[in-house]
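To keep things simple, chains are lettered A, B, C and D as they appear, and every chain counts its residues starting from 1.
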Amino acid sequence: MAHHPHAFLPGASKRLEALSDGVFAIACTLLVLEIKIPHFSQGLTMAQQWEIIKEAETLPSIVAFIFSFLNILIFWTNHDAINKVLVRFDTKTTYLNIVFLLFISLIPFTTAFLRENLSSFIANASYGLVLMLASVAAVMMYHHLAFRAKLFLPEVTMTSRKRVYIQVLSGPILFMIAIAAGVISTYISIAIYAITPISFMFLPQLDFDTKEEEKIKEQHQ
Amino acid sequence: MAHHPHAFLPGASKRLEALSDGVFAIACTLLVLEIKIPHFSQGLTMAQQWEIIKEAETLPSIVAFIFSFLNILIFWTNHDAINKVLVRFDTKTTYLNIVFLLFISLIPFTTAFLRENLSSFIANASYGLVLMLASVAAVMMYHHLAFRAKLFLPEVTMTSRKRVYIQVLSGPILFMIAIAAGVISTYISIAIYAITPISFMFLPQLDFDTKEEEKIKEQHQ
Amino acid sequence: MAHHPHAFLPGASKRLEALSDGVFAIACTLLVLEIKIPHFSQGLTMAQQWEIIKEAETLPSIVAFIFSFLNILIFWTNHDAINKVLVRFDTKTTYLNIVFLLFISLIPFTTAFLRENLSSFIANASYGLVLMLASVAAVMMYHHLAFRAKLFLPEVTMTSRKRVYIQVLSGPILFMIAIAAGVISTYISIAIYAITPISFMFLPQLDFDTKEEEKIKEQHQ
Amino acid sequence: MAHHPHAFLPGASKRLEALSDGVFAIACTLLVLEIKIPHFSQGLTMAQQWEIIKEAETLPSIVAFIFSFLNILIFWTNHDAINKVLVRFDTKTTYLNIVFLLFISLIPFTTAFLRENLSSFIANASYGLVLMLASVAAVMMYHHLAFRAKLFLPEVTMTSRKRVYIQVLSGPILFMIAIAAGVISTYISIAIYAITPISFMFLPQLDFDTKEEEKIKEQHQ
């Protein structure tokens, strides 16, 4: 019955969305458990307290929390943007989405691993690898939905599907560069991991055109 | 296509709501992991058991749990009240909301940090700072939604938008006062953090008027 | 505007439901983190492994997991049953619901506390107290919704509202008895905490009648 | 009132779905907390770092994370597939679903237990037992919904209900075999636990036919 996997209920992607939102929310909130809590004994001066905070590496763990939190939610933003133009998920996308969520769930681990070992190439490459694999799963999902299974709303133009595909493809490439840059210096990788989600917020979001909008655009050119 | 970022699906804010509800629910429930569990050896009298509970600082950690839980869910209440009059989220609000959630997610950390170091100005100021930053993000979101992007339901009057804006603005100011009060005594700050959510429950909620309701009000004055 | 707190959107309780479901799901799933994981060194016989499991108190912690899990989800079942006949939540119920969730969130702590100190009256009473306070919050919510604020669907008969009220009231009374029984033996309390949710599954659920159903019932008597 | 337990709201299963999705999402994401984070001291070579990763058993704990994550979400996939053809849940299915979720919630514990003791029969059997019990609860739910309570959409044919029943029944049988295989070698059990969810992704999903679809099928034979 491959031609109508979810024939019974049209709103079939609602629960996959709910599951995904749950995993995104938990993965980004669990990160807080990795922040190290400094303990001051009684009667310390404020300078001594800062010294303890420094030794406990609380600040780097907060910074790691922030950029992992943002990386996870940028993935969420894209997941959401693509879902908006979907008719439904099919079985293949369901499984690709599960694999995608698997990598999202691993981010709290790679964050803790990186924060513990900022100058280790292995820790840096692990962090980048998980982000890269999540991006690859996202690319595969997008490709299947937009070009193979024709599960996008039919009014979404092919031009805008292709334009967004290039944006989506930039993810794995960027993280591959970040991993490679770690050979030179792990601090370049870390900078890429930290700057990516913030810069993303100032770039145009994934955005699709309907056929009518495309016509208007063409007339204005 | 800046003028219609989510043109395809009108109920576009449903998933941002779901993500936000998830983060709120997890942040407030994770707090329980920070409560210290006392262990009694066999054959202790009840008085000795209370002594162990006191040494383990279980009661302060329960109190910290309670007021952080309530602080988080008061934020949720306001988030919900504003959402009720929204047509949809735009890209800018999505990102502001992500930043807002980032600060909400940090509350389990600042709670543990404060509880470990009740008399430390740094721990107290951290706790207040995160609440203040969450409030600032909320103010920015509100301002954008109500006055800039015109994303509120059109029937919500400008008078009630402005009245609620003043209520929303009181958040960051209150937490700034709490931080400053910590210079005199950290116990004043703690009192503010603890009393705020409880007193909020007895204050009028964020509430908007439709144009018709406003007319009726004016006639009654 | 006290008479129409959520005038703008009729489906106003959807997000409170989502938040509550989140807290219920997290509270019951977090319990698993409290189960003690035994570690066997290489080359132990199966009998020696069972010895380690016994010493690690893995089995009692699994039993504690199971009955706390069920207690939490029985609360959820009742929460759900009452929600089904609601028109909407008002501000007062929102806050009562938040306080109710606060006690639900505390259950993972009291579970760990009880399991660590099975024979301690304090630990047993804490466990019962949190369940009792959650029940009291539920009773207050129910009373407000069904009799004061008239937020139930109008077709729900007064007779069935009162019948369910007595069922709801049995919660705090039961947990009060469990706490008191701990004075005689903590194992009686534990037995009540463990048997309650299981026996509940075989009792009739909270159930409301419409006026028409009531008429049919009366004719059959 | 046994004949109409949820008479008031037809969409009565929405919240049970939400609760289930929450438990699934949390159970699979919590698994990440069990992965062991290696810490490298300054100045180690990459070979020495790999040595520490090996000693910390990080890789086996990642593998355990992956197959438990997939096992949980394969259960989710089936839960979702069956829900799609449901009219609603009744009281009995609600309780069976709660018991089912209880076993799903235990998977993070059995995963940690197994990973700590790869060669222990007890640890392996525990892992399989929890999966088996979850499958048994699923079988009982399916049997009740499809054959007893007639809660499936009436257009779902009896032939396809029976075909899916056999698929659902294969779960407990498979996990029973995995437990038994542990007597010969625990590595056979582990292989079954790891291969099952992956192979499942390449098998046909649970799928139901409407009466019309069945007619078309018959004509083509």
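Following the convention adopted for this analysis, a contact is a pair of C-beta atoms (placed from the backbone, for glycine too) under 8 Å apart; a residue touches a chain by one contact, two chains touch by 3 or more.
Just so it is clear, the model here is predicted, and its values are computed rather than measured.
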Taking shared numbers over all numbers used, above half giving same and below half different, the subunit B and subunit C interface sides are different
Greatest centre-to-centre gap (Cα means) from subunit A is with chain C
Taking each chain's mean CA coordinate, subunit A and subunit B are separated, in whole Å, by 26
Separation of the C-alpha centres, subunit B versus subunit D, in whole Å, is 36
Multi-chain contacts in subunit B, i.e. residues touching at least two other chains, fall at 18, 22, 25-26, 30, 33
Within the complex, subunit A is touched by subunit B residues 1, 5-9, 12, 15-16, 18-19, 22-23, 25-27, 30, 33, 91, 94-95, 98, 101-102, 105-106, 108-109, 112-113, 116-117, 119-123
Given the complex, residues on subunit A that touch subunit B span 17-18, 21-22, 24-26, 28-33, 35, 37-40, 42, 44, 46, 49-50, 53, 62, 65-66, 69-70, 73, 76-77, 80, 83-85, 153, 156, 201, 205, 207-210, 213
